[in-house]
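Please find the structures below.
Across the two complexes that follow, chain A remains constant while its partner is chain B and subsequently chain C.
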Partner chain A sequence: MEYLIHLAILVSIYAILALSLNLAVGYAGILSVTHAAFFGIGAYATAILSTRYDVNFFLALVVGAALTAVASFLIGAVLSRFRGDFVALGSVGFNMIVWSILLNWQELTRGPLGIPGIGRPELGIWNIEYSFSSNFSFLLLALCFLLLVYLAARFIERSSFGRVLKAIREDEEALEVFGYKALHYKLAIFTIGAMLASVAGALFAAYITFIDPSTFTINESIFILSAIILGGLASNKGAVIGAVVLILLPELLRFVGFPSDIAAQTRQAVYGLMLIVLMLYRPQGLVGEYKL
Partner chain B sequence: MDIVPQLIANSLIAGSIYAILTLGFNLTYASAKFIDMGFGVMTAIGGYTVFYVSKTLGAPLWLGLIAGILLSGFVSFLAYTFIYKPLRARKSSGAVLLIASLGTLTAVQAVIAILFTSQFQTLSGLLHGNRVFELFGAAFTAVQLSIFCVGVLLFLLLAFLLKKTLFGKATVAIGDDEEVAKIVGIDTDRAMGRLFFLSGAIGGLAGILIGFDTGIEPIMGLPWLLAAVVAAIIGGIGNIYGGIAGAFLLAFAENFGIWKIAGEWKAAIAFGLLIIFLMWRPQGIFKR
Partner chain C sequence: MILQTQHLYKHFDGVKAVDHLSISFEKGKITGVIGPNGSGKSTLINLLTGFIPFDSGEVIIAHTHHFTKVKCSDVAGYGLTRTFQDVRLFEQMPVLDNVLVVLTERSVFGALFEKHGKFHLAKAEEVLTRVGLFEKRHALARNLSYGQRKLLEIARVLAMNPEVIFFDEPFAGLFPEMRKVVVSVMQELKRQGKTQILVEHNMELIRELSDRCVVLDSGELLAEGEPSHVLAKREVIEAYLGE
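And now, the complex of A and B:
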C-alpha cells in the first residue's frame, strides 16, 4: 500500500510537470527542453529556505515560484531570439547551465552532496496545526495541487488568452498583423509554465526530503517532454495520461530484476525509441490535437 | 609567467575539435534543413568502437580507427534511411524531425551505457607515449597536434569534395533547392544517404580524437553537439566556411574567458557569446 501511495505521489508531481510544460509546448508551440531546470530551481529554493532559514513550506513554495518566474522570463526573452527550432537547442543549453550551477555553486547548493533533511510541509493557520508527515496526507496535498494546476491549465486553454496562443502557434505572422504581440504572449505562457513547474519542484523536495543535482539533468527534461508527446500535445488530459504511463511503465521493469543502473539506462533507451516511433507513426500522441 | 601563448594553443586545439564537429553538423543541416541532434551521439559511437576494438579485443589501433569512423557513419546512414527519410518524404515539420533525432540520441547513448557502463573512459592508453612539444612557451601533446592537423586536412578534403566532385555539386544543389535538384535529375535520396554517412563519420572521427585527448563517456554527445551548433550559429548556420570561423571564435572566447572566470562557467560563456550574436548579428559572421 505504501508503495502504491508512493507511486501516486510521483505521478501527481510529474503530472503537474507535464501539464505545465504542455502550456508552453502544446499551446504556444515553444519547443522547450529545459523544464527540469525550473523544476530544479523550485526544488532547491524550497530545500534551501526550509533547511537553512526555517521558512514554512508554503511560503518557500511561493518564493521559489517567484524566483523561477524571474529566471524563466529572462531565459524566455533570450530564447525568443532563436530562429525556428533552434529554440530547442537553446533551451537544452540553459538546462545544462542551471545543472552546472546547482553542481558547482557549493556554498549555496552543497554541490553533488545534495541537500538532506528537508522537512515535510506544515500548515499553521489560527489554531489549526497540521503536518503532512504521513505519505497518505502528502498524497492528498499533492492531489490538491494537481487539481489546482489542472484547473488553471484548463482555464488558460479556454480563455481568450489561450485562444490567442493557439492562433500564434498556427500562424505567428497573421496574429502580428492583427496587432497581437506574439512575443508577449509567448513569454507570459512560458513564465507561467515555469512557475507551475517550480511548484512541482517544491513538492518533490518536500516529499523525497533529499535533493541533489542529478535529478535535474537534461534527461529529466527529455522525460517530461516524452510524457506530453506520448499523451498528446495541447491536451491537458493527454499530459496527465502521459505522466501516468511513463511513471508506471518503468515500475514494471523493477519486477524483472535488472540492476538499477541498467534499469535506468533501459528506461532511457525506451523513451528514445518511443519518441522515434511516435514521430513516425503518431505525431499527435494518444489524445493530442496539435501535430507538431 | 606568461600564459597567453598557452591559451592560444589551447584555443587552437579546442577550435579544431569544434570545427570538425561543426563541419559534420553543417553538412546535413545545409541540405536536409533540420537540426539533427542524433549527430551528437556519433562522437560516442566512434569513441567507444575504438575502445572496444583496440582495447577490449586488442586489435591494432588502425583497425579500431577505421571501424570507429565507418560504424558511426553507418549508424548515421541507418538513422537517415529508417527515420528521417520517411519523415521528410511525408513533409513533416522541423520540430518532428528534431524530436525524432532527439529520440535517436537518447536511445543510442543509453544502449552505449548499457554495453560499456556510464563510466568515463580514456583512449590515450592505446598510444605508446604521448610526446609533449613546446613552441613559443606553449606546451601541447602529439595528440593535440594531430587534432589540429586532422582539422585542417578534413577542411581541405571537404572543400575539394564540395567544389570539384559531382557528389559535392549535387550536395550544393540540394541545399539550394531540393525539388529543383530532383527535377534536373539528381538522385537526391542517394546523395542524402551519403551525406548522412559522411556527417556521421566526421562525428565519429571527432569523438575518437576527443577520446585520445581527454576521454569518452556515453553522454558526451549532447555537450559536443551544443558546442558545434553554437559555433555553427555564430559562423552563419549552414555555411561551411563560416562554421570554421565560428568554431575558432568560440574556442578563443571560452579559453580566454576561463582565464578570468572559473572553469565551470565555460558553458555559460559559450551561451553568452551566442546571445551576443543573436542580439546584434543573428545571421552570423558569414551569411549563407
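And now, the complex of A and C:
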C-alpha cells in the first residue's frame, strides 16, 4: 500500500508539472524546455527556507513561487526575443544556467551534496496543528494542490485569456492586427506556468526530504515535455494522463522482471518509442486535439 | 483625409518596393489600389499596418497622429485593421472562436476575467450569419473551404468594427455567390462611413465598388482619381499590359 501511495504522490507532483507546462506549450505555443529549472527553484526555496530559517512549508511555498515568478519573467522576457525553434534552444540554455547555479553556488545550495532533512509540511490554524508526516496525509495534500492547479488551468483554458493564448499559438502576427500585444500574454502565461511548477517543486522537496541538482536537469524538462506531448497538447486531461503514463510505465517494467539497471535503460527506450509512434500515428497525443 | 503617407519608402535588397509614396485615403470612401504584380500594393498595406517597417517617410492618421514607425499591435488602437492576400486564420480553433477572439478585452487581466461573454457570443454569431458561416461556427477553421476562409477573415474584421479596413484581394478565388456577400458587406461598411482600401486585380469590381482609385507601378504612384478616368489612362493600360 505504501508503494501505491508513493506512486500516487509522484503522479500528483508530475501532473502539476505537466499541467503547468501545458499552459505555456500547449495553449500559447511557447516551446519551453526549461520547466525543470522552475521546478528546481521552487524545491530549493522550500528546502533552504525550511531547513535554515525554519520557515513553515506553506510560507516557503509562497516565497518560492514569488522567486520563480521573478526568474521566469526575466527568462521569458529574454526568450521573447527568439522566434520558432530558437525559443526551445534558448530555454535549454536557461535550464543549464539554473542547474549550474544549483550545482555551484555551494554556500546557498550545498552543491552536489544536496539539502537533506527537509521537513514535512505542518499546518497550524486556530490552535489546530497538523503535520503531513505520514505518506497518506501527504498524498491528500498533494491531491489538493493537484486539484487546485487543475481548476486554475481549466479556468485559464476556458477564459477569453485562454482563447487569446490559442490564437497566439496559431498566428501571433495575425492576432496583433486586432490590437493584441502578444508579448504581454506570453509573459503572463509563462510566469503563471513557472509559478505552478514551483509549487510542484515545493511538494517534491517536502516529500522526498532531500534534493540535489541532479533532479532539475534538461532531462527532467524533456521528461515533462514528453508527458504533455504524450497525453495531448492543449488538453488538461491529456497533461494528467501523460504524467500518469510516464510515471507508472517504468513501474510496470519492474514487474516484467528486467534487472534494475537494464530496466532503467529500457524505460528510456520505451519513452522514445512511444513518442515516435505517437508522432507517426497520433500527433495530437492520447486525448489532445492540437497537432504540433 | 483619414490616412496619409508622406514620402513613404521601403526597399528590399536594393529593389524599391515603395518609392517615396505620398498618397491619402478619404474617410468613408472605398479606394481601389491597383497595379501589376510586384507594384507594391501588398507591401503598402504591410507598411501601413506595421507588418513590415518602412525605411523612411511618415504615416499620418486622422491628421493628428504622425508615425515614423508603425507597430502592428498599435494601429488597431487607431481603428485600422486588415485582411490578408494569403488568408491567415487561427487554424486549429473553431470558426466561432476565430471571431470571439477579436471581441475579447485586449489587456491580460481584462481577458482573464472577461464579463461580456453572452454579448460577445451574440455579436460573433451575428457577423458569422452576415457572411453565411453561422452553420460552420463549430467547425475548425482549417476545415473550411478556400472561399469560406476568406469570408471568415471578413467576419473577423466586421466583429472588430474598425474605422479603416485594408482588404488585400478579398475576391480572389471566391465563387460568384461569395463575391456577392463580400460586395454587399463592403457596400454596407461604406454606408456606415467606414474607410476601405481595396487591393484588387478585377477591374470590374474596382469600377463597381471604388469611389477613388490609385495605381501603383514599381512602388511609385502612377495615377489616381475617379476609377473610370484612371482605368482609361494610357500609362495605366501600358503598365498592366507591359507595352
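We take it that the second predicted complex is superposed on the first by the 285 of 292 C-alpha atoms of A that agree within 3 Å, B and C clash if a C-alpha of one lies under 4 Å from a C-alpha of the other, contacts with A are read in each partner's own complex, and residues count from 1 in each chain.
FYI, contacts are C-beta pairs under 8 Å (C-beta built on N, C-alpha and C of every residue); 3 or more make two chains touch, one makes a residue touch a chain.
Just so it is clear, the model here is predicted, and its values are computed rather than measured.
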Partner chain(s) touched by A:I276 [first = chain B, second = chain C, both, neither]: first
Partner chain in contact with A:L175 - chain B first, chain C second, else both or neither: second
Partner chain in contact with A:R254 - chain B first, chain C second, else both or neither: neither
Touch count on chain A, higher of chain B and chain C: B
Chain B versus chain C as contact partner of A:R163, first or second or both or neither: second
Which superposed partner A:R52 touches (first chain B, second chain C, both, neither): neither
First, second, both or neither for A:Q265, with chain B first and chain C second: first
Chain B versus chain C as contact partner of A:F86, first or second or both or neither: first
Chain B/chain C common contact set on chain A: 291
Contacting residues of chain C [partner chain A, same complex]: 49-51, 72-74, 76-77, 81-82, 84, 88-93, 97-98, 100-102, 104-108, 111-114, 117, 156, 160
Chain A partner contacts - residues on chain B that touch it in the complex: 34-35, 37, 83, 86-87, 92-100, 102-111, 113-114, 117-118, 222-223, 226, 229-230, 233, 237, 262, 264, 267-268, 270-271, 274-275, 278-279, 282
Chain C-touching residues of chain A, taken from the complex the two chains share: 156, 159-161, 163-164, 166-167, 169-171, 173-182, 184-185, 188, 289-291
Complex contacts: residues of chain A adjacent to chain B: 31, 33, 78, 81-86, 88-90, 92-94, 96-97, 100, 103-104, 218-219, 222, 225, 229, 261-262, 265-269, 271-276, 279-280, 283, 291-292
